[in-house]
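Here's the structure, in structure tokens; my notes come after.
For clarity, chains are labelled A, B, C and D in written order, and residue numbers in each chain start from 1.
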Amino acid sequence: MNLHLSPAPHVHSPQSTRVLMLNVIVALLPCVIAGVWVFGFAALATVLVSTVAAVLGELVWQALTKQKVRVDDLSAAVTGLILGLNLPAGAPWWLAALGGVFAVVIVKGLFGGLGDNFINPALAARAMLLASWPKYLTHWPAPAGVDAVTAATPLASPGSYTTAQLFLGRIPGAIGEVCKLAILIGFVYLVVTKTISWRIPVAMVASAALCGWVLGANPVATALSGGLLFGAVFMATDYVTCPMTVPGQWVYAVGAGLLVAIFRRFSVYPEGVTYAILLANISAPLLDRCFRRRVYGHEKGEKA
Amino acid sequence: MSSNRTFRGGVHPLHGSHEGKAPTRGEAVRDYIAQTVTILMGMHLGAPSTPCVQVGDHVKLGQPIGEPVGFLGLPVHASVSGEVVAVGPVQSVTNPSAMAVTIKNDFKDEWVPLNPLGDVETCPADQIVPAIKAAGVCGMGGASFPTHVKFAVKEGQYCDTIILNGAECETHLTCDHRLMLEDSKRIVDGLRAAMRALGVKKGVIAIEDNKPDAIEAMRKAAQGREGVEVMPLLTKYPQGGEKQLIHVVTGREVPTKKLPLDVHVIVLNVGTAKAIADAVIDGRPLISRITTVTGHVKKPSNLRVRVGTPVSDLIRECGGYSIPESDVGKVVMGGAMTGFPCPHDRVPVAKANNGVVVYSQREAVELEESPCIRCGRCIDACPIGLNPCKLKYLCDAGDMKRAGEENVMDCVVCGSCSYICPARRRLTTSFKAMKDKIAAEARKGKG
Amino acid sequence: MSDFSRILLFLVSCVFTQNIVFARALGFTAMGDERRVETAAGYGLVVALAMTLSSALAWLLDMLVLVPAGMIHLRIVAFALAVLVAVWLVEKLAVAARPALAESLGGSLMPVAANCALLGIAVLNYEAGYTLGQAVLSGLFGGLGFLVAIVLMAGVQERLETSRIPETLKGMPIALISASLIALAFMGFTGIA
Amino acid sequence: MAEMNTSLGARVETALTTKNPALRLALGACPLLAVATRAASSLGMGVATACALVCAALFGAIFGKITPEKGRLPVFLLICAAFAGAAHMVLQGWFPAVSEGLGLYAPMIAVSCLFLGGAGRIGEDGIGKALADAVGMGVGFICLMTALGAVRELIGCGTVFGAAVLPAGFEPMLMLAMPAGGFLALGLLMGVCNAVSGRNKKKGASA
């Protein structure tokens, strides 16, 4: 008899890092399918390139720096997938690949790897691509079957699409963000499997719609346009870069929504979700400082 | 009978399979008497007792074989009658050389003369605590704190509520559940004795709502007994933790570094209450207890065993392992959340050992720690409100000062954070080590 | 546009869109090893105050001494002098108003003068041809921008304490890389005000 | 709380008095980060700063001896500013292209000198030692600025010293020309330097 002596607890929750990441990938599949449906196979190619680049990038980085290779935790795959879904269909392959590598090596790897980055890798990579090669990131191909090569996104020309079009996604935009139905399916899946809480997405979308309304935008169109829903469900909820305490998460989500409304109204970019979430990420450590749980048997804010 | 009364945080281990209690909760308690018992001298928190018998001595049932040492000392009694065959160190669950007395059972079960006090409602109240001490009663829920010390109310302190802990929030275990079903009257007697000893007006028996039959049985037993009530609680781990229980039942929080008595509460396990009743009514010392034997054994059961019975005897009595012996991966003394792994299966059962759980190799294999993904689940799960994620970093870095500032000493080592962590980080283990280190440092500073 | 909204836009511009650290890359030197939000906030306040004062002093020095005397080639020295005087004044002020704060700042505030945001804002004001009022506001708002930047950086660096940053990148390199990513995020403000 | 209040002055002072030359170089490069986007102009700025630094170090060593400790930093800042002004005027006259590239960042040469010269320690060493240190730091700074400018120019516009070196299809990464890119390039450059020098140190230790 060879008895193990590892200490208690002797049971573990079935939700491992890998299971959680797999849940996110499954939740992203409807968006991938919808993207292919809207933009054709060019969309699939973009998503695949960025995913493969992110996974290979992580593999090579971890091997080069003599770390244990942990590609099997699927976090790099999630990053690459989300980045790909944030790009326009048919973006140059090197753009998608470079973005994937930047995300896992510069934004994540240099800080130590999974859990150590302070900002969402996929979004930071997207911001980098937008800053470096703006023409590719603002060139939106029209949905397959529409008689035009490029078209104006709903954010650039509000009112040119019906709510149903916005919801189903036969509109120009980034691959993953166009079909709101697919995003909602993913959201429900993530909440049901307890991968994420409903808190951040709902608070962020509601806050953006409300603030947008105050600033003169149609709240329904605000919620259904651009990458707001996609960002709120899949990127603002990134464990690593959102606050860890519940009150902190509320402030974070409401703040991100507010920034989205402000950016859409005032900045030169028609879309502000990327920057709103990145800025919220940066404030997350401060929010975690402000909102700490009271320790049992201690007065609020009392130190040992 | 479901309840919403609970604390903030916590986890639901094995919730899909009735907290692992299904195999044993319907099984009536069986008696098992061992041929040889190895009685440890250090079964309680505090200095081990000194053996007062020698090899070759004949001892009677209930005869003192160990004398108390120090403030937290407790006497130890023979749990069988027969001949002392060995006095010396043996392997216990946590200590490779623990002083013990081994007795070969002659199966005569001759008692030493006992001093019963009689009915708990009429016996002299001032003799109750000495009787409890003489009977060697310690907490039977796992912490094994000497019970008479809990009753030592200091100048200026008072107690207004005694809580009987029947929550049994730990997974797999059903020994308290069965005890409440089969010996409900004795439990209430024990509670009344404790209340009378300290002049307490209110006694609360707290039970998780996954044991409706036990709640029913205890309510029936408590009927007509002065100041005794039964309180159902939500099923959630660690509902039976002392601090959580006090908060849920009384709304009070034990201030940091203080004891329950500082908020006028004493918490006793239901098994301890039964032992108190035995000590008062019959004058009988604590020589047996109910232990749940479950996991990979052929016939999971609750056994009433003599203190000092080897675990291997318990497993044999339950039909032996249900998997090949080579596949047995871990034998845990206690439940899945806080139990101690046994180095081998011949260690003896002590007064506070409430269960034995057998795991297969596959279940027992230690999961590899991976990087923290900062999901915040540990923060949500901590019943104390600590930040385990940050604390783990400080503890692993050996930063005693900042770990103390992050309140590591308030950690109750319940295991909720380690259970919930998707990265399988051994948070609780780090905290336990840091707590021990800080406590050792403090002792060094004093001495 | 009302004065109020003009000032508000100027504030947003100085604090976010043209943040002195992330958009103009000035004043980063102070962040190399700042790890505590409390210290960072104290330092940021001191710098903001000094920036306001030095803006005013540099403007006065320029308009009242250098230009009339035809010594504009001495501008850099004059601005450096303005910075030193401003920091010296802030130090006196801190000692008088908040002795405890001054204590926590370690006695001397003079090293704060080495912060290039201070000299930078004086030059910026001169290049933009601001009036005295505009220069003071620019100093104040620029200082607030610095405060925001240093507090955000300190929060991030506190957070990075638990990260497994490679040994070769610890300290200044990772602070620079963090600042780079924050600067990327601050680009979202482009076009606002 | 004691730890939290670690004096601010002391923290900044460590940056000013650090003995680590790599860190001093990086701190010196920070003020000029925004304009070090081209190899040629960065080289020019590096040379100008190095010259100003050597002169400032000479005067700093002289005046440092006779100034009380508290006054050293202000005095050195003024000396640096004076030579930065002189360097700027020389640039304006002889190298207008570099001067134009500097724009309003020209006065930052003074702050660069402050960090490169280890302002907090001036007057501690003799004139000879201070000069040798300044020359060393100056040469190092020229190398660092040139490398920084070259890397940013190569990736940010596809050229080095104005010559196209990358294939025609290369699309420059505009971010490198922005402050964000400057921070990133300098951070990575420092990391690479640390890695290389760390490896050398290890080799030296084992030999």
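Following the convention adopted for this analysis, a contact is a pair of C-beta atoms (placed from the backbone, for glycine too) under 8 Å apart; a residue touches a chain by one contact, two chains touch by 3 or more.
Keep in mind that this is a model prediction, so the values were computed, not measured.
A simple rule picks the central chain: find each chain's mean C-alpha point, then take the one closest to the mean of all protein C-alpha atoms, which gives A. Of the two chain pairs examined here, C-D and A-D, it is C-D that is joined by more C-beta pairs in contact.
Centroids of subunit C and subunit D (each the mean of its C-alpha atoms) stand 19 Å apart. Distance between subunit A and subunit D, defined via averaged C-alpha coordinates, is recorded as 38 Å.
Between subunit A and subunit C the centroid-to-centroid distance comes to 33 Å (mean Cα coordinates, whole Å). Between the Cα centres of subunit B and subunit C there is a gap of 61 Å. Contact of a single residue of subunit D with at least two other chains is seen at positions 175, 178, 180, 184, 191. For subunit B, residues touching at least two other chains, in rising order: 371-372, 389.
Residues of subunit C found to touch two or more other chains are 162, 164, 166, 169, 174, 177, 181, 184, 187. On the side of subunit C, the complex with subunit D involves touching residues 22-26, 28-30, 32-34, 36, 38-39, 42-43, 46, 73-77, 79-81, 83-84, 88, 104-116, 119-120, 123-124, 127, 166-169, 171-177, 179-181, 183-184, 187.
Subunit D makes touch with subunit A in their complex at residues 171-176, 178, 180, 184, 191. Across the interface of their complex, subunit C is touched by residues 3-16, 23, 26-27, 30-31, 33-34, 70, 73-74, 77-78, 80-82, 84-85, 88-89, 104-108, 110-111, 114-115, 119-120, 175, 178-184, 186-188, 190-191, 194-195, 198 of subunit D.
In the complex of the two chains, the subunit C residues touching subunit A come out as 37, 151-152, 155-156, 158-160, 162-166, 169, 174, 177-178, 181-182, 184-193. Those residues of subunit A that touch subunit C in the complex are listed here as 65, 106-107, 110-113, 115-119, 124, 127-128, 131, 259, 262-263, 266-269, 272, 274-276, 278-279, 281-286, 288-289.
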